[in-house]
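Structure in structure tokens, see below.
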Amino acid sequence: MIVVLKNGVGKEQQDDLKRFLEGYGVKVSVTEGTQTTIFGLLGDTSNIDINAVEAQDAVETVKRVQEPYKKANRKFHPDNTEVKVGDLVIGGKKLTVIAGPCSVESEEQIVEIARRVKAAGATMLRGGAFKPRTSPYSFQGLHAEGLELLRIARKETGLPIVTEIMNTEDLDLFADVDVIQVGARSMQNFELLKELGKTDKPILLKRGLANTYEEMLMSAEYIMAGGNENVILCERGIRTYETFTRNTLDISAIPVLKRLSHLPVIIDPSHAAGLPWMVEPLSKASIAAGADGLIIEVHNNPAKALSDGAQSLTPDQFDGIMERLAPLAQVVDRTL
Amino acid sequence: MIVVLKNGVGKEQQDDLKRFLEGYGVKVSVTEGTQTTIFGLLGDTSNIDINAVEAQDAVETVKRVQEPYKKANRKFHPDNTEVKVGDLVIGGKKLTVIAGPCSVESEEQIVEIARRVKAAGATMLRGGAFKPRTSPYSFQGLHAEGLELLRIARKETGLPIVTEIMNTEDLDLFADVDVIQVGARSMQNFELLKELGKTDKPILLKRGLANTYEEMLMSAEYIMAGGNENVILCERGIRTYETFTRNTLDISAIPVLKRLSHLPVIIDPSHAAGLPWMVEPLSKASIAAGADGLIIEVHNNPAKALSDGAQSLTPDQFDGIMERLAPLAQVVDRTL
Amino acid sequence: MIVVLKNGVGKEQQDDLKRFLEGYGVKVSVTEGTQTTIFGLLGDTSNIDINAVEAQDAVETVKRVQEPYKKANRKFHPDNTEVKVGDLVIGGKKLTVIAGPCSVESEEQIVEIARRVKAAGATMLRGGAFKPRTSPYSFQGLHAEGLELLRIARKETGLPIVTEIMNTEDLDLFADVDVIQVGARSMQNFELLKELGKTDKPILLKRGLANTYEEMLMSAEYIMAGGNENVILCERGIRTYETFTRNTLDISAIPVLKRLSHLPVIIDPSHAAGLPWMVEPLSKASIAAGADGLIIEVHNNPAKALSDGAQSLTPDQFDGIMERLAPLAQVVDRTL
Amino acid sequence: MIVVLKNGVGKEQQDDLKRFLEGYGVKVSVTEGTQTTIFGLLGDTSNIDINAVEAQDAVETVKRVQEPYKKANRKFHPDNTEVKVGDLVIGGKKLTVIAGPCSVESEEQIVEIARRVKAAGATMLRGGAFKPRTSPYSFQGLHAEGLELLRIARKETGLPIVTEIMNTEDLDLFADVDVIQVGARSMQNFELLKELGKTDKPILLKRGLANTYEEMLMSAEYIMAGGNENVILCERGIRTYETFTRNTLDISAIPVLKRLSHLPVIIDPSHAAGLPWMVEPLSKASIAAGADGLIIEVHNNPAKALSDGAQSLTPDQFDGIMERLAPLAQVVDRTL
């Protein structure tokens, strides 16, 4: 951390500031110029509140050099983390493909879709029971019943299930869910993250629609600081000025997150664009860029879906995409 | 709502789509061009899921004409809503000024600040007991103890208290809080909004850092749909590409939200810029543009604040600003 | 400027880098930590290409402390710059109000509008002769004839004229224009800026739709580096994710630009929102926040305007706004 | 185009508006609801100025259905356009790889780099002679001399040359340049686009840093409307809130632009991220998503480059990437 002092700060005030900073357990190195004095902070600065330093009278500006996250930081964990879900490994050579409907609607629906996506090569089943909808007048999910239907689909197909939690009060209901998803709107629901940190469940953490890489890794850090290191990062499109697509897929998130962190990174091409014909090119781009997997919306009858039908693929379309992704995975030394 | 059909959609498919849309209880008017056929939907379209319409095979694109919110919509409630907090009125001629520290830290701190801001003309006291912090290693607030200290400060000064809730499980602790704040990161925590809709508490709803006006009003609608119409909207800066300020104050939110909705609008100039020297010009701009009030961070010792010290005013600075705001309020026919 | 070295950079490489940096005429102060070595650069760093430093093998990251602009920087010119246009002063106590149509369309139109805005208190006339239109099929302006009509309107009313230049080849045509406008799309047309720097004309420099404060001041620096210090900065709305308004007025630009620079700052509320009913609240906010003036679109027949009619005020509306702005100006110690 | 009328607009005013719209040569179909009246405009609406319609008193809002561009629109030109540069084809099965330094610096430099990139498989040479630099104090390019050095490198290697134009006055100097580049900052320099439309040169049109797909295609339309249909679109990263990378590569631009338009699309991974280690994953993603080519910065001595050294690859790095891209190209049925 580098602290630039205001012009004209006297010796005494400098010494006070130096002592204040040393209180954080770091060494302070002073560089005095004709106009500007700079303090370099050496040691572990991750527990220093940058805002508290900026609030000191003598301080002009503060610049971080070290990242503020530790457990999620590749510097301290050079090897890739592999998250285990039963026999499955997320972040290994085999790509993870999670597929299923936006919302669980009925036993027939979820079981049929589960069978189809499994046949096409998906390794996990997604489906929402608690749905964060922009409008209070939209379908809000089947809640506990939806989770029960997911369990039935798991029993029928053997596919582990991934589903979203929205509130700490519902945590008990998720006891036998295989992967708990934290949605984009909850990425900074810190109370929820803390509770999930106390479990040992794999957590699929989606990036908030306008959150930075650093903020995302700090949210992962919340979960990991609680003791749960089974975090899977998921990029699902960010908000930009462009309105043709629902969001803008940030493909750079793949190489950046994998460089900054050791956690697996998967991509959600369905929400990123909101347009089914874009799922294929975005999936291809993601695998080529080094993603560890995909999460794709598939519905057996998009026109009758209770949510997000417009961006869902049909099982037939999903079959075709999976076939065309396989040789691409091979070229980048992965398997599908 | 206007539905544009794909080119080449036949008569039968058109009829199917027409019946599907009429199922929502609206009248469908058909405009047939040489290339394009357009369906106009007449009646109440607020309960139509636009995504479900887009998911129909025959549909090229759908455009909304009516707003998707009703209770928050000025069209159906032409008069300004005034939210009552004891004897105070938010949204009336007298401007609301909420002031206080980012976090409640001690009895001495909160009582002293409460006295100072009251003397300067503030009408409510703010202070955080549950703090949404980006880092798990930062101070997270005093929780129940912090709420107790706010009550003491209220008793000492008579100022109603405004404080943030982060989780539905804490709702009981907020039973005698005067105004419950929903922070920017929780604006789309729909489970929390639903619970708050069941109370009769005034809710200060902050805009999410990258949420549109429509999304903000839909979040207000969540609370109001539950029966609680005491919603106060708060603009606190949005995320843009500019990095000099922490966020970018969207001053246009004032005239826009007041045109689209009947709810009061207040501005948070402290979080918007993150720089104490900008609080004054942004406060002036807000009042001139028609805001119903301000929420300002004041700390008796910013350099020792446990959070957000860098953007807090001292009580002396706050005194000066309040003095200079008063004549401005008068010019736009308000009082301070 | 602060240069953070990569971990593990040896003594020799450090010495090479130190010599390289000293080649820019600055003093390099070295801070050695256990993990990180930091170089502090002391002296004038404004002519150092930050990218060239980042390109050095030993360098992890570079952070600027000093601003890269000099002539536009308030640090080196503490007093406000006042730009003279005949007897008018831009940046003085009296606010500058520039009004007129988007495009000059006919003698009758421009003269009538000029008379009306003058009567209402405007001090300069705006009108476009060269129009940057998104579509090649839209009206592109009257070019030389438009400039001639502006001269007629100036003769009839005495109002100095402000009009936009798009191309260096047209510069001769602008010889007797009073203030030359550089539009948002041309803010980084550096060849144009250089040519304008060789003239002594007042230049109204509009902020590009997604440019930072620093980039804007660097564009001012281009003009000033050529010898022309008569630069007026103009904020006209930036591009964000919000689509209700055409752009988002960045009201913070006023206090920020006036702190960083000594140049006058005026606001364009017409383009910022693109909605005529928002011109008044945004104008009020701008004056309250300390703007030196406004540039407002007024058309005698918006429904027949050849461009931007939808955001233009009628002369009657403009009259009303000017009346209501006057007392506000007084409260912030300005005159209208 | 769909025109929604204000509530309460009377019969006479409706008829006036209908006549006004019919004046554009379109048929107007009227849909009358209990609250809202909607006009559907049928026929060619691309020459209707949407703003002029919005400016009519009776109009609440206007929504486009048809795209405002014609010559660039795939609807009217279903087949892919192939742009010829000598024997090369841009937009065919073989991918186009343009490589070279940011700036031309010397004969030795440009010739050496040209030889290396040719050996690695590049099909064209890039190099800037006129450089748009944010700071007036940075190296601005060698201008005419730089173009001469590019000609020498072309003679030595046979590689066609691609270089940027910034001003219409320089057009004569570009007479024997193979592909003229319009930089991001000039994407809406409409006077320049019009002049380029009068030539028959292939134009590499870069997307502005915050421009929409539609604006980009309207800029292509400017060139094509003048008679020059040899336009190559180039995505090079857009501006978002994320600061880790210089810009954010919009990978979706590839499928979107290719769906909306018949023009070739190439990607600039060097400027998109500004980080050399990201060139490879972004190049792979681009090819996988269907790009027609890449433009990559390569410098024989990045640490000594006069511009953009920090994002340039060395020739050795470029060799490696080209080798690893080849099998990927094959999988998506392209050749490198």
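Going in written order, the chains are labelled A, B, C and D, and every chain counts its residues from 1.
In the analysis below, a residue touches a chain if its C-beta (ideal position, glycine included) is under 8 Å from a C-beta of that chain, and two chains touch if they have at least 3 such contacts.
Protein identities per chain, from UniProt: A, B, C, D = Phospho-2-dehydro-3-deoxyheptonate aldolase.
Bear in mind that the values here come from a model prediction, so they are computed numbers and not experimental data.
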| item | value |
| --- | --- |
| Remotest chain, chain B as reference, centres from CA atoms | D |
| Selected pair, greater C-beta contact count between A-D and A-C | A-D |
| Interface copy of C-D among B-D, B-C or A-B, judged by whether over half of the contact pairs recur | A-B |
| Interchain centroid distance [CA atoms averaged], chain A/chain D, Å | 32 |
| Where chain A and chain C are represented by their mean Cα positions, the distance between them in whole Å | 39 |
| Residue list for chain A, restricted to those that touch at least two other chains | 210, 239-241, 243 |
| Category of the chain touch graph - line, ring, star, complete, other | complete |
| Interfacial residue positions of chain D with respect to chain A in the complex | 210, 212-214, 238, 240-245, 248-252, 254-256, 259, 272-273, 277-278, 281-282, 284-290, 327-328, 330-332 |
| Interface residues, chain C side, partner chain D - complex | 46-47, 49, 51-52, 54-57, 68-69, 130, 132-140, 166-169, 185-186, 188-192, 194, 209-210, 215, 218, 221-222, 225-226, 239, 302-303, 305-312 |
| Touching residues (chain side chain B, partner chain D) in the complex | 2, 4, 27, 29, 31-36, 38, 40, 42-43, 61, 63, 65-66, 210, 239-241, 243 |
